[in-house]
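Working notes, beginning with the structure itself.
Just so it is clear, A, B, C and D label the chains in written order, and each chain counts residues from 1 on its own.
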Amino acid sequence: MAAASTPEREAFYKKIDGENMTALWTVMSDLITPEPKSACRPHLWQFAAIRDYMVEAGRLITAKEAERRVLILENPGLRGQSKITTSLYAGIQMVIPGDVAPAHRHSQSALRFVLEGKGAFTTVDGERTLMQPGDFIITPSMTWHDHGNETSEPMFWLDGLDIPLVQFLDASFAEGSQEDQQKVARPPGDSFARYGHNLLPVDAKRSSRTSPIFNYPYAYTREALENARRSAQWDACHGLKLKFSNPETGDFAMPTIGTFIQLLPKGFEAARYRSTDATVFTVVEGKGRSRIGDTTFEWGPRDLFVVPSWQWVSHEADEDAVLFSFSDRPVQEKLDLFREDRGNA
Amino acid sequence: MAAASTPEREAFYKKIDGENMTALWTVMSDLITPEPKSACRPHLWQFAAIRDYMVEAGRLITAKEAERRVLILENPGLRGQSKITTSLYAGIQMVIPGDVAPAHRHSQSALRFVLEGKGAFTTVDGERTLMQPGDFIITPSMTWHDHGNETSEPMFWLDGLDIPLVQFLDASFAEGSQEDQQKVARPPGDSFARYGHNLLPVDAKRSSRTSPIFNYPYAYTREALENARRSAQWDACHGLKLKFSNPETGDFAMPTIGTFIQLLPKGFEAARYRSTDATVFTVVEGKGRSRIGDTTFEWGPRDLFVVPSWQWVSHEADEDAVLFSFSDRPVQEKLDLFREDRGNA
Amino acid sequence: MAAASTPEREAFYKKIDGENMTALWTVMSDLITPEPKSACRPHLWQFAAIRDYMVEAGRLITAKEAERRVLILENPGLRGQSKITTSLYAGIQMVIPGDVAPAHRHSQSALRFVLEGKGAFTTVDGERTLMQPGDFIITPSMTWHDHGNETSEPMFWLDGLDIPLVQFLDASFAEGSQEDQQKVARPPGDSFARYGHNLLPVDAKRSSRTSPIFNYPYAYTREALENARRSAQWDACHGLKLKFSNPETGDFAMPTIGTFIQLLPKGFEAARYRSTDATVFTVVEGKGRSRIGDTTFEWGPRDLFVVPSWQWVSHEADEDAVLFSFSDRPVQEKLDLFREDRGNA
Amino acid sequence: MAAASTPEREAFYKKIDGENMTALWTVMSDLITPEPKSACRPHLWQFAAIRDYMVEAGRLITAKEAERRVLILENPGLRGQSKITTSLYAGIQMVIPGDVAPAHRHSQSALRFVLEGKGAFTTVDGERTLMQPGDFIITPSMTWHDHGNETSEPMFWLDGLDIPLVQFLDASFAEGSQEDQQKVARPPGDSFARYGHNLLPVDAKRSSRTSPIFNYPYAYTREALENARRSAQWDACHGLKLKFSNPETGDFAMPTIGTFIQLLPKGFEAARYRSTDATVFTVVEGKGRSRIGDTTFEWGPRDLFVVPSWQWVSHEADEDAVLFSFSDRPVQEKLDLFREDRGNA
């Protein structure tokens, strides 16, 4: 397919190289591929192992010195780039009793999904919340946030950020606060009280595309799944899958990262599925396995795994399982690039 | 301002009248007024009186014969037109034990706000719900709905419809069912389970501008108000006012009717307010009074009152009060016609 | 269908009448009809006759005294209401050499479609334009406008306004200017130069739902039709039908009134069509006839006719014909009330 | 700022490296920067030099063998990546008389801006157009396109694509056709006739976020600038700057690439400006210079230059100048990441 090499051509390539030019026909097949050809690879991290390393990290560095005590999950195909997929970052954060992660803000949007612990706090934009396992928390772009732990147990959560995307777009802004912690300016639960009940302030003006709810409590999420299972409209590929939504728009909760919760009932054997949004999963409840491309990964609570773009995936649940996941699907949808394939079904 | 009358002019007016024409300058000042000049008048209906009439109506006609056993609240300035404001209809419906209101559907959108009773049912689009006081229920345009009462108490609710608007636009379609009641096709609570928790089905396609939630339970509504009061961001005119929203869009719950809930704390004395959307109020909890134009109306639970377009209104609460209200504000906003005025503030 | 009358019931109706209440079951069949039942009737006005009356009016009253020298086209089924359909107003305006129609503004949106004349001017929001036959001109809600005629010929145009709609919604605001004419603040063609070429100012903020283009010149409109006819994607009901659009949104050019241009090629015999938006037509070029309900109306240049909601209409053209039309379709679409039916096709 | 290195820490880093993990605190300052820190560098390519190389390329390879005979402009800070900015690709394409660039389609969106020549053709989605200098042409995602030259002169144009973005999102799909050229299915000018005149087909359904106009002719663009200059609302940074828009939405003409045209009048000295969207410029008319960061670049017709994210730029025009430019601004706006800074103004 590629144009044949000749001495004249090679000489030409060399000449234009000095002019900051390259001949398209020598690279076109790498730039525009018939299907996505990603360096991203399927992988699973067991939480038990991560947890041990985190505890060790807890002895090596304080939250304050680290600013954020996080171990990045690096995709084996994308080492050295702090990426779990080509466009997204994931890490595991630990906050131990007494920790203070000082206030900062940045243009990167962050999600937090709580894996273990009980009642450590986070403050976002002047509102504090106590976090519980399964809670999905948002720190919107350029919003001050800090957190700490006044309980007697460590807390662990999954951080998902659009760091590679913001880097790619050359749009990173950040600043730290003089104060370790923001002043608490609003009562706990304020954003949920105002926006979480299918009611909106009558004169609210939207200022951002990010959901005004900053904590989606697992109690509600789980109830939604449990109630919905009664209607038994199961999807062959996904079981019962919902997306977290922004009540002001009905769009995804964050403009750059789509977040999902899904229920796979005991014994469910999903049909295979593939899509262009490489997806990071963590297991909230249950045990099972996922076949990704040619490899099968066994998973249990709090394990994490990644499905690359356009690789076939199918899930099986040995017991009722709940999976949280996130991807860049909102970006792809907004740009008319999202594509999915539900196998031969 | 109007053009003077002369014999030639009068003769001309007569002549063109036969050609289905009229001279604009003879009517212009009535057509385009400096401010809204509505025939709609302020009025309050006491629920106790309505209730007595309804009980009497219950002896005079069955729900089945009446199709819907409803007393229309007619604005004193718009008698004979079945209107509570120029664009909206309101009525009080009673369903007594054993009643069956047969299934029908129509292009008019309907809201129901429950005033008294416990557990009568309604079925909308194959999903049944049990209704409680304070619940806000939607029957969207062209959706089958029927209701009945298998309890031992009568139920009363407020019906709000866009009948005058649909009539004005010549867009009425309706049909009755062969069956008195629809088949129940989905479990109770299904729509709320799928759409009420800030989560949306991952592959949902919107087919209408009406909220997919059909019952907004008062328990949640009240909790939203109670939590929000802690943040004490009181509006001088409205107290704490929220609009019911469509989780798929963040817009009003219905395309033609805006619905609102507001909390006036004990002792609250509102600043005056006016807007172009004539508004129907009903009292959910508490006692107080509203000054509308030059008249003051005292109100208590379940009373109903109407504020015409562009008339000044101000509320006072003797005890914590909750008001439900509805208007054509979504229509006016979509058409760039909504205007409000917050007094001298 | 209606509930039978009994003495007890009649007594009851009388009693509640005194309380500003009515029994729904006595009026329901008039309120919610199986299909639209409009008082609006099909009708055609011949321009030649209107023109004579207008000339007579020109002798009877000045533009300044009349404020606007207009003869309203009143639907024969809606006499005395200044309506051509239930929701819209239409009139014919004449501006003779030397006339000055003083500056005013109002919440009603107005369209103007030029029927005869050459180069009278209108000024909208500080920008003046010279008008030619076939030009479609907008005066948006609350925008100052005035016009005059510095040529030697009279100009005639069709005025279409949402007067009944704004009246129905009780949202009329208006004011006159101290000055007869606004100061011209922008060069002629400014809005078209900025917005009419599929280019938009890079930092434009939208402030209204009305198109920023205020004159859609017929030269462009006709060219669009003529070019499009080559692709021969004819619609069986409409010939080739386009809607004037707002370049900032792709929506209709005005939020309350939809405006359309359509080409019926010589010999075209349209399939029948009905829709819920009663529509006012005027003939720009050509001759033909339209069957509306059971009546056939013959038409030629500048004639005007109205098709009520949900009445079947079919057009025939004896020679290439161009029709301009307007209706409340944007309102109906925004409110999920629009419905159309393309016959048995 | 970074955490101090200790032997224990280094040992820990090594250990977790084997588990596909990295400590965030060792890399955080590179990931989340206070301001954009791009490898992208300012640069200017003179068209005269490119043209000579292209002519040489025309002797070395046929359009058919190359599939597309294009020299990629590679940013000096991003060599080997086929990028002109971090997210965008640019190249210069030459089509000589007799050339055939065979039909293909891909998920990457492409723009073409014609630099030199007269009347070579391109066919997009079954519609052929003849291209002239200054024309802006779109080949939307997954749309078949081919081109050729039946004139006696070579044609040169600028290609802009979102190749790096689609690569980053792992969403590349492409296919070639069996046939060299598509069948022409629609008359020339069809898309412009239907969509380019502020009119839209009455029943059009949008199927993509890309403009349905595929050729924005320079004649119209230039006229828009020339007319608009009379209103003299000059922007201190941009002169008179317009964006090409999608008439169906008012949004940018393409979902992933924003395209702009701007007029700098003779003698204009712009105020400095910076924004997060690195931008590629080409000169359509006129001469002048742009200061980017600390470097000044002199430019004349058809020269090309790139301004990186968040670098100050200011332009000066020695004679009336017209600049075409493109960037990823639509992406940044949709994701709430766009930021601009107009200096001290």
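The working rule: contacts are C-beta pairs under 8 Å (C-beta built on N, C-alpha and C of every residue); 3 or more make two chains touch, one makes a residue touch a chain.
No experiment lies behind these values; they were computed from the predicted model shown.
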Neighbouring chains common to subunit C and subunit D, by label: none
Pair from A-B, B-C or A-D with over half of its contact pairs in common with C-D: A-B
Chain centre separation in whole Å, for subunit C relative to subunit A (CA means): 52
Interchain centroid distance [CA atoms averaged], subunit A/subunit D, Å: 30
Centroid distance [mean C-alpha coordinates] between subunit B and subunit A, Å: 42
Subunit A: positions in contact with at least two other chains: none
Subunit C to subunit D touching residues, read off their complex: 186-187, 189-190, 192-194, 196-203, 206, 211, 213, 216, 220-221, 223-224, 227-228, 230-231, 235, 238, 241-250, 253, 260-261
Touch list for subunit C against partner subunit B, complex: 3, 6, 8-9, 12, 15-16, 19-25, 27-28, 31-38, 40, 43, 45, 49-50, 53, 56-57, 60-61, 65-76, 79, 82, 85-87, 89, 91, 106-108, 141, 163-175, 208-210, 255-256, 276, 278, 308-310, 328, 331-332, 334-339
